[in-house]
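Here subunit A shows up in two complexes: once beside subunit B, once beside subunit C.
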Partner chain A sequence: MKAEYINPFIESTINALKTMAMVSPKREKLQVKKDGESAMYDISGIIGLAGGVVGSVVLSFPKETAMKIVASFIGEDVPDVNKDVLDAIGELTNIVAGSAKKIFYEQGHHFKISLPNVVYGKDHKINRARDVPCISVTFSSDAGPFAIEVSLKEVQ
Partner chain B sequence: MKILVVDDSSTMRRIIKNTLVRIGYDDIVEAEHGVDALSKLDGVGMVLTDWNMPVMDGLTLVNSIRSNDQYKTVPIIMVTTEAAKEEIVVAIKAGVNDYIIKPFNQNTLQEKISKILGG
Partner chain C sequence: MKAEYINPFIESTINALKTMAMVSPKREKLQVKKDGESAMYDISGIIGLAGGVVGSVVLSFPKETAMKIVASFIGEDVPDVNKDVLDAIGELTNIVAGSAKKIFYEQGHHFKISLPNVVYGKDHKINRARDVPCISVTFSSDAGPFAIEVSLKEVQ
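This part shows the complex of A and B:
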């Protein structure tokens, strides 16, 4: 996975959170993941990418960060991790994947994005294809920390 | 006027609905996907629809609406993450009147809806 492939996802994450939730994330650590398994925060939104590239994008949040972001996203208090929070994290992941898709499109890489899936549970893990390289990026924000993980491979 | 809001995300339906209420439209019907929307078209004066949805996507929905004489001219706004020029062209050709790209600023949403409903 070329390092520059992560940039559209970083840019899209920052833009989506700023525009829709008035949260300004700051990029922290970037890390290449070797094994096929990722430890995640409490709530993760996952979208598959397929076409000229294959892979997936994951947005993962601690419970507290997710609740703050979603409250700001919908403009209402969020009392707990209910189905609204899970839906909103799924939609946020959809928006990030869709925005990144557009940037790739302009660079000549065409792919489709799947519908979002959301996983909720403390210390859950996500399995991904071992032959698809993966980069994770952590962010800090006024709503708390969170991370994205992008696995991506060009199809020849 | 009755407005149909179609999106598989309940969050997105809620955000759009809140905006509509804010500009004075409170007769709102919601649908989760295209098939659900087709069963709720009766008496609708405007449709706001997502593109990526399960069961039936927004583009298929637009094509179905436009192929029905009764709904040939009902205004349709597509609200989607699909932002590549080529995709917007496909949606406009299918009969979409306006296009809002997610992520959107709620003021943009408000302006576009007001523009279509006012003009």
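This part shows the complex of A and C:
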């Protein structure tokens, strides 16, 4: 995975949160993961990428961050992590992946995206195959911290 | 989602487990999920489907079932849910999705598959959008129970 492949996802994440939820995230740490295993926050939206490049993008949030983002998105307080919150995190993941797809398309890389699955569970981990490079980026924001993880490889 | 769309995944799951791990699963309950939210077992392999149909397939296992399947697959005891177990569940998910893809192709439905993400966490749930139908199938086997969940829709 080329390092520059992460940039469309960073850009799309920042734009999507600004537009949808009036949250302005700041990029913090970028890390290349070699063992393919990651401890995630409480709620992780996952979308598969398939075509000229193949892989996945994960947006992962502590439940407090997710609730604040979704409250701002829907314009009212959310009492707990209910289905509206999980659906909104799925929709946000969909927007980020779809927006990154457009940027890749302009650069000559064509792929399609699947539908989002949103995992909800304290201390869940996500494992990927050892031969698929993964880049993790953490963000800070008014709504709290969150992270994205992108793993992809070009299809020969 | 047409009910017959589940059959290639059931067939591929049974074949993959027989071939890889000499485990012969028996299909138990088939259920259409309407709310999009599912409580999963401890370990869930997820692959996205994208193209003429779009969605995902999830194979979910209690950790005891996963360890027995992987022990049979690699031919030695596995002491715990280590990276080998998670990688093998990812590979199994990949084989099931790839094999189902071939069956769909022969029926005129073309899609590509992403790379597997394997979620590991007690009591994790997976949420999908309300407008995406999902079919859940449980299996029993010598290695213990497990389940598959397929959500997909045709792209207009």
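The working rule: the second predicted complex is superposed on the first by the 156 of 156 C-alpha atoms of A that agree within 3 Å, B and C clash if a C-alpha of one lies under 4 Å from a C-alpha of the other, contacts with A are read in each partner's own complex, and residues count from 1 in each chain.
The definition used in the following text is that a contact is a pair of C-beta atoms (placed from the backbone, for glycine too) under 8 Å apart; a residue touches a chain by one contact, two chains touch by 3 or more.
The shown structure was predicted, so the numbers you read here are calculated from the model rather than taken from an experiment.
*Asks:* Which partner chains sit in contact with A:78 here, subunit B, subunit C, both or neither? Use first/second/both/neither.
*Replies:* Neither partner.
*Asks:* Looking at A:101 after the superposition, I want to know if it touches subunit B, subunit C, both of them or none. Which is it: first, second, both, neither?
*Replies:* first
*Asks:* Using the touch definition from the top, say if A:59 reaches subunit B (first), subunit C (second), both or neither.
*Replies:* neither
*Asks:* By the touch definition at the top of the document, which applies to A:88: first (subunit B), second (subunit C), both, or neither?
*Replies:* It touches subunit B, and subunit C stays clear.
*Asks:* Tell me which partner A:115 touches in the superposition: subunit B (first), subunit C (second), both or neither.
*Replies:* So A:115 meets both subunit B and subunit C here.
*Asks:* For A:6, decide between first (touching subunit B), second (touching subunit C), both and neither.
*Replies:* In the superposed model, A:6 contacts neither subunit B nor subunit C.
*Asks:* Would you mind checking which one, subunit B or subunit C, touches more residues on subunit A?
*Replies:* C
*Asks:* Answer with first, second, both or neither: which of subunit B and subunit C does A:14 touch in the superposed model?
*Replies:* Neither subunit B nor subunit C is touched by A:14.
*Asks:* Determine where on subunit A the residues touched by subunit B overlap those touched by subunit C, and list them.
*Replies:* 83, 87, 90-91, 113, 115
*Asks:* Per the contact definition, I'd like the list of subunit C residues that touch subunit A in the complex.
*Replies:* Spelled out, the residues of subunit C in touch with subunit A are 35-37, 44, 46-51, 54-56, 58, 83, 86-87, 90-91, 111-130, 132, 151-153.
*Asks:* Flag every residue of subunit B that touches subunit A in the complex, lowest number first.
*Replies:* So the residues of subunit B in touch with subunit A come to 8-12, 14-15, 18, 52-54, 80-84, 86, 102-105.
*Asks:* Show me the residue ranges of subunit A that touch subunit B in the complex, using the header's touch definition.
*Replies:* Residue list for subunit A touching subunit B: 15-16, 19-20, 70, 73-75, 83-84, 87-88, 90-91, 94-95, 97-99, 101-102, 105-106, 113, 115.
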